[in-house]
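Note that chain A is present in both complexes that follow, paired respectively with chain B and with chain C.
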Partner chain A sequence: MLKEDTDRVDGILKVTGKAKYFAEYELPGLTYGVLVTSTITKGKITGLDTKAAENAPGVIAVVSHLNKPSATAYEQEGGPQMKIFYTDKIFYNGQPIAIVVANTFERATYAASLVKATYAKEEFNTDFAKALKDPKAKKLQGQADYKRGIENAYKTAEVKLEERYFLPIETHNPMELHGIIADWRPNNQVTVYAKTQGVKATQGTIANVFKIPMENIQVNSEFVGGGFGMALRTWPLEIATVMASKHIGKPVKVVITRAQMFTMVGNRPAAIQTIGLGADKDGKLTGITHRAYGETSTYENFTEGVVNMAKFMYQCDNVNTSYAIVPVDLGVPIWMRGPGEATGAFALESAIDEMAHALDMDPLDFRIKNDPETDQQKNKPFSSKNIKEAYKLGAEKIGWSNRKNKPGSLVEGPWQTGYGVSVGVFNANRGKASVKGILKADGSLLLQSATSDIGPGTGTGMTLIANKLMKIPVNKITFELGDSSLPPAPSQGGSATLSTVGSAVNDVCVALKSAIAELAANSNMDATANFVEVLKKNNLPQIEVTKESQSGKEKDNYSMYSFSIHFVQVKVHALTGVVKVSKIVSVGDSGTIVSPKTARSQMLGGAVGGIGMALTEESIIDHRYGRYINNNFADYHVPVNADVPEIDVNFINKPDPYINPMGAKGMGEIALIGFSAAVANAVFNATGKRIRTLPITPDKVLA
Partner chain B sequence: MINFQYLRTTSAKSAIALLLKDKNAKFLAGGTNLIDLMKRGVTAPEKLIDINHVPLKQIEQIGNKIHIGALTTNTAVADHALIKEKLPLLSWALQAGASAQLRNVATVGGNMMQRTRCGYFYDTEMPCNKRQPGTGCGAMEGFNRMHAIFGTSEKCIAVHPSDMCVALTALDAEVVLANSKGERKIAFKDFHRLAGDTPQLDNNLKADEMIIRLEIPVNNIAKNYHYLKVRDRASYAFALVSVAAAFELNNNKITDIRLAMGGVAHKPWRLTASENFLKGKEATLSNFEKAAELAMTGAKGFGENNFKLKLAPNTIIEALNLAKSKA
Partner chain C sequence: MKPSDQKPNQGDSRRDFLKKSSVITAIALTPGIAVKAAENNADERFAELFEKIPLNLTVNNKAYKASVEPRVTLLDYLREELHLTGTKKGCDHGQCGACTVHVDGQRVNSCLSLAVMNEGKKITTIEGLADGDTLHPMQAAFIKHDGFQCGYCTSGQIMSAVACIREGHTSSRAEISEYMSGNICRCGAYPNIVDAIVDVKEGGANV
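Let's turn to the complex of A and B:
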């Protein structure tokens, strides 16, 4: 662990239950909404009988497409989006078709069960693999084709392979259920308590849908119980709640069920990928082809960066990629931690391991041999990259020298041991954000920005940046977020918050320091005088500065990425097919580590999520009905403590000279990206069995 | 609102009397299964008779039998010194089930009565002969990875999900049931049923009966035993296949043996043919393998669960291996 170690600033609030999450707000006159959902997969609502529900005790209103309060902008909005309660069309099973509002949650739940819909059913397909095979099914380009050098050069290589990789739907399933409290007041004043990764984004969506000014809308989201990407948009269920509140003139709270978490708030889309790799006999890559297909919905397109990594991760003159999305009759997907890249890395990093095996090379040596000095895609130098150092550190820690290149070599009774490695990489982003800083004569510093914290510890990171610059003790610094009235900041996604908002914190602190220096000079004080003295001398209770911050030209001159290396040791039971991850070493190469403890937690969470992706997580649909079969926590398996070994987290912790003033690159996504391939590679090393379909469950190992 | 009446009683007699009064009444023990089923709309009892205060929480040895009250929690049984010493197989099986939180409230009677975890059974929008006879079996040609390979019927291929019951089947337990007229005792292996033409019935408990206690004979197989549960994650998951194995070993010769399997049938599946084969034989790998092969007679996969045809014998072999190596 690094030296300057600080606890999570809101840790005590969280573990003592004082941190308040959206569903915990008690508003006067609060009512409760429960969503009624379609039980068919495709077709039209021919009738919606809401009488029984309306007459049930405690029911205040039933809102549906029959009586939705007008939201004109919503209806005129372009693009094939699902507009809640706008249409009688059914796009997928589990689509919200009405909201029942009552004076208690239980009454609303019961009344919702009384709403009876009749439908005209149409034929549907929820099976992405089937759609892919169907020449008549739509395939849409998800990203421009990419080509460098010769297309499909792998086909003529000395050593070549071509393999397909399958990823099922994964569902984010944070502990906290999704929902919102909406309070629509007279004069179109709206307050919401949301579970969102972007308070400004939620504010913007509500403004756009209901055509009211931004200033009329207040979004609060101080604490979020896990987002993983699913809270990066305002979902139809949230709009439904705002509509309901507008309709009845009272605050409405909606908290969806665990089963609804599978159908209303997105998922990691299923993907089928083909990787072609070619190399010469000495182990130099001569061709990389990455073709990917991702699942999307019929009413909205969703794309992500599945094939990005293939373009720059390895030195290779001939690279081509393609990515298409295939609509099926399911709810639209959304980014899930390490979006796209995690999907792509499973395929690419598995294939790299397969190639190393074909060449009879150590997969680590193979990677080092093909490690590029510059980014061949952008034709630019990397802003910073210490990947060889990371390889070395991780290899030492996991005991890579114990690994045998020949699979199935390490056997102890029924248990076979294997080692695997894989790389993760994600754009090191920096966006635009504003922060207000208020420096007070009582020695404290208040920082404010409309950013979010879905768990990584945003407040802690920001506090530490300010602490370092201002030399103000951590307990005298407060960072306020999750409030749309604060200076604007982007949504928390793409591992960019620390870089983006942190830079603004940096700029604010620098500005505050120079303001104090100027005051000191004007009042004949020493330039190094303490700000409290300076403020007092000037009879000022406080000074405040607001700064907007964004990157400059460096963005154009360098290729900026964060990297991670995942090493795992697995034990595979030869008779039962059970895979246990027995050791994990993750190394992050993401510039300066601003907040060691919360950074470590990010890596821990990534590894646990990675075990889930590799071994246990899969959302299963019965395609005859278009309904999920395992939409609960007993049957959708996230890893439990017993699945998680000790995780050894390491950071290179060298500043990136260009990305931002802190030298810190994002690390939320890289914690997960690539992890699943490391496990699959280790399973291969243990058993000689290459499993290309996740999750790696006992049946697949035995097959 | 789907209203129900909550009643509490402190004696088995009054519990049964209350049950008799109302066709649509149900006992509430730990509630870990029943409440979930009510929430999902699978069942809607009009009366819940809370039996947690009925004094049936004893764990004691009477003669050569160990008595366990029906309302003893799974944790209390698993942790009890007498059980750990004399029926360690049962303790292990219990600890392989659910989570610590669930085991703390789940009871012996409730565990026996828990319903299948078949996803179609839980989703009232799907066909399921067990939930609603005559609607068809969703799993038969659907998602049946968790489903049965033995004793299946055309109506239902669900499995009984309990771990505890697998051990109890192996241990030759008996169940004492009470009704308004008195008590009756049946062999544990006859408690649960195969689905046959009546998949809606999981067991042979009559509508006016209550589970009172288990009686388990003290045995000579408490040294070489193992409960091996293969599942999708290391804890808190139902068995793909589980095996309860215990035997008495004299000079590497098996003089007594019990074998039962879970996750493979509508009831805990006792492996009598394998037991008979192994009795009197050496505890060798090749004998274990033959026993495992014998166990698979009549096994049948339904697609996604075909892997159990391989996993089941493998798990038998490994459970026997592990039982043997326990010194």
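Let's turn to the complex of A and C:
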């Protein structure tokens, strides 16, 4: 990163405390809602005593399944989430069952403690590993089985391995607590201030649940204090808040607690995976088998791309995968950064390292040897792939030549040093989005789209795309987002925003330029005349263009992925088993880098998230009661400043010729995908101990 | 009677008061009437008299005279009463640092401090750090080094970072990291945060 690279366009608002997040809007007559949650894991509510709460000072109402306003969609059979809050059924411990609304937060909090529920309990199971072993427990197909060549070819290979890998539940835990302000006014006019990765998605969900027109609903979400996937849907607690507002006829604000962030707004599901790898003695892969089981809920199925990577990342004629989901009595999971691909990459990239070791090969050489020229799964060329260059660059930066292939070779006092590498890969997506551009005679450009910015710097990226095309200074360009009344754009997820919305920004700018050129020609001005002069000459205060943009045929002709390589150096303390990540080099191969400063920060964030996934993060449940026991930041360990070494971020920065006009591919997911395997591989290199269960805590290192 | 004229009755809880007062007891025994009284804001008047405590404090050089319930945290008082929402709630348990403010110059997790504990104290929040439109050097350094992504932990990080320099815990990157580890950043901007602090420290600006 160069210091002169463009700063974040919303930087001043964020460092002065003026950036407004959902809970910070002042509405006349605003009330406070606090959730009452279930204390059993499965069964039915048989009684709800709300009298004491209703009589408590300042309480306006207690809303529950007993008195909630009717929601048309919830009265119909089927569909997602319909049973949470809306009926007497309990599907997980900590499920919202009532919302207490009062005129202050403290009064609502106290009154919520006075609501007493009685239940009819049922048998439950929250233990994913136990469900997997239980022959009577449901196992549902999560993705169609895949087979290329011979099934389980690894079993007859010259060199073979078969290993199991376990990932626990992880919780997104963005710093901002989830919640919503809902204001239901007469004539079914609804305004919400939401924490959402998609204002159009939130608008659509509310419209769909209450069967009111989209245009009745205004969703505002200008600043989002992190999401990492958990704000990709409108959760039952948000719908409950909308119901509460409708019920009392006043705006209601709900901000959930950190403990509630563990139960009711999703998580990265636990997974158990088996990888079978076969190779010939020269180190060519001859068989890959990847079988995965992921956790889901009993009331809704959740699937993700756990076994995707195995199908195309390495040259291999015999590949088969399977993926099933196993319901347990917990809240439904949701994509967490990198999503299933990060889960899968931990297993596959650990196994690749194990195979290299079995062959006595350098794991980098082994990867290069099995690097495919084309995508064997789709039978198409890659749109762009510079992974060998990335391997070389990263190896040089980390000092890979210092690595010894024999584990446990680098010892200094109590510290053992090891090096690890891993690859990350994710679909380079491009969806459909609209952007409006207003070019003004005062020399400014206003761009608008109903996209979101959960942190990556969407506004900054869009501004830079326009800046490059229009030659308008960055400080004269404004990009507005987070407002459902703006031209539609998809939710911010799957590393697609820059590619999707950025393409529409590109198209708008191109259209504005040609409109100006046309005006110039009509008024006998030079074709290169400045747009301000052209507008003034034509007595136009502004011109306006809206463009919808989406990918074309190139999607059918090429296989499009973003890639990352993570190199880590770890130090493992022989006596205590403590693992310290001491050096990180990440290389991103994701096409053109539009905004170097924010792109670098995204890669940093992925590495930091990867340290958490590898070493510390695990949401632990007491299966006797079905309750999370480490549902706070003191017990659920996310990396802190002292856990993170200096991180050397590098980009190949070569345009992808096909993906979009900028040549830029997404990079939010690849920043994290694979990272945890690089750490596990480095721990093996340091100690000779192969740890296949995350997180790699000292007890496992010492065991 | 203005709240400040009322002697704080800190020993008496609402419940004790209700027990002592025969008139109120009569109301309390008649739920319908009690509800009606609550609707007429009788409840609010009782609360004002017996549950709230006068509070004088200075926030960002502005004096505030208030009457607050003793259970209101400094964080909620700043955000919900004064609408100084730059100070963030990330956990409400003193585990994340998003709510860090300066109390008489010391960094404090405002979620772990009740508003009434700050009688006579001087509070500085992120809104009080800049000098008008001129950013505090730490704010400028956070922008320059991109010390944040989503921005939610940023106020707390900056307040902690300023305190970190004032406390003299900046002899090395490792020391800075250690003394900034009470402020969680889930977006993972830690190396940039350390860069910003080193830059301000080396720049020698008065923080």
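Here, the second predicted complex is superposed on the first by the 693 of 703 C-alpha atoms of A that agree within 3 Å, B and C clash if a C-alpha of one lies under 4 Å from a C-alpha of the other, contacts with A are read in each partner's own complex, and residues count from 1 in each chain.
Throughout what follows, a residue touches a chain if its C-beta (ideal position, glycine included) is under 8 Å from a C-beta of that chain, and two chains touch if they have at least 3 such contacts.
Here the structure is a predicted model, which is why all the values come from computation and not from measurement.
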Exercise for the section: Would you sort A:Pro414 into first (chain B), second (chain C), both or neither based on which partner it touches? Expected result: first
Exercise for the section: Determine, under the contact definition given at the top, whether A:Pro541 touches first (chain B), second (chain C), both, or neither. Expected result: neither
Exercise for the section: Tell me which partner A:Asn55 touches in the superposition: chain B (first), chain C (second), both or neither. Expected result: second
Practice task
Using the touch definition from the top, say if A:Ile620 reaches chain B (first), chain C (second), both or neither.
Solution key: first
Handout entry: Partner with the higher number of touched chain A residues, chain C or chain B
Key = C
Exercise for the section: Look at A:Gly249 in the shared chain and tell me whether it touches chain B only, chain C only, both, or neither; answer first, second, both or neither. Expected result: neither
Practice task
Considering only touches as defined above, state whether A:Glu106 meets chain B (first), chain C (second), both or neither.
Solution key: both
Exercise for the section: Considering only touches as defined above, state whether A:Arg600 meets chain B (first), chain C (second), both or neither. Expected result: second
Exercise for the section: Check the residue A:Asn641 against both partner chains and state whether it touches chain B (first), chain C (second), both, or neither. Expected result: both
Problem - Contact residues of chain A, present in both the chain B and the chain C interface - result: 57, 106, 110, 632, 634, 639-643
Exercise for the section: Report the residues of chain C in contact with chain A in the complex, numbered from low to high. Expected result: 14, 31, 34-35, 38, 43-44, 46-47, 69, 71-72, 76, 79-80, 83-93, 95-96, 98, 125-127, 129-130, 135, 139-140, 142-144, 146, 148-155, 158, 173-174, 176-178, 180-194
Handout entry: Touching residues (chain side chain A, partner chain C) in the complex
Key = 1, 3, 7-8, 10-21, 23-24, 26, 54-55, 57-58, 104-106, 110, 173-177, 223-228, 255, 257-258, 454-457, 597-598, 600-602, 604-609, 632-634, 638-644, 646-647
Completion exercise
Residue set of chain A touching chain B in the complex reads 39, 56-57, 106-107, 110, 113, 414, 573, 575-578, 580, 615-616, 620, 622, 624-625, 627, 629-630, 632, 634-635, 637, 639-643, 697-699, 702-703
Problem - Contact footprint of chain A on chain B as seen in their complex - result: 1-2, 41, 117, 119-120, 122-123, 125-126, 138, 141-143, 145, 228, 230, 232-238, 240, 307, 310-311, 314-315, 317-318, 321
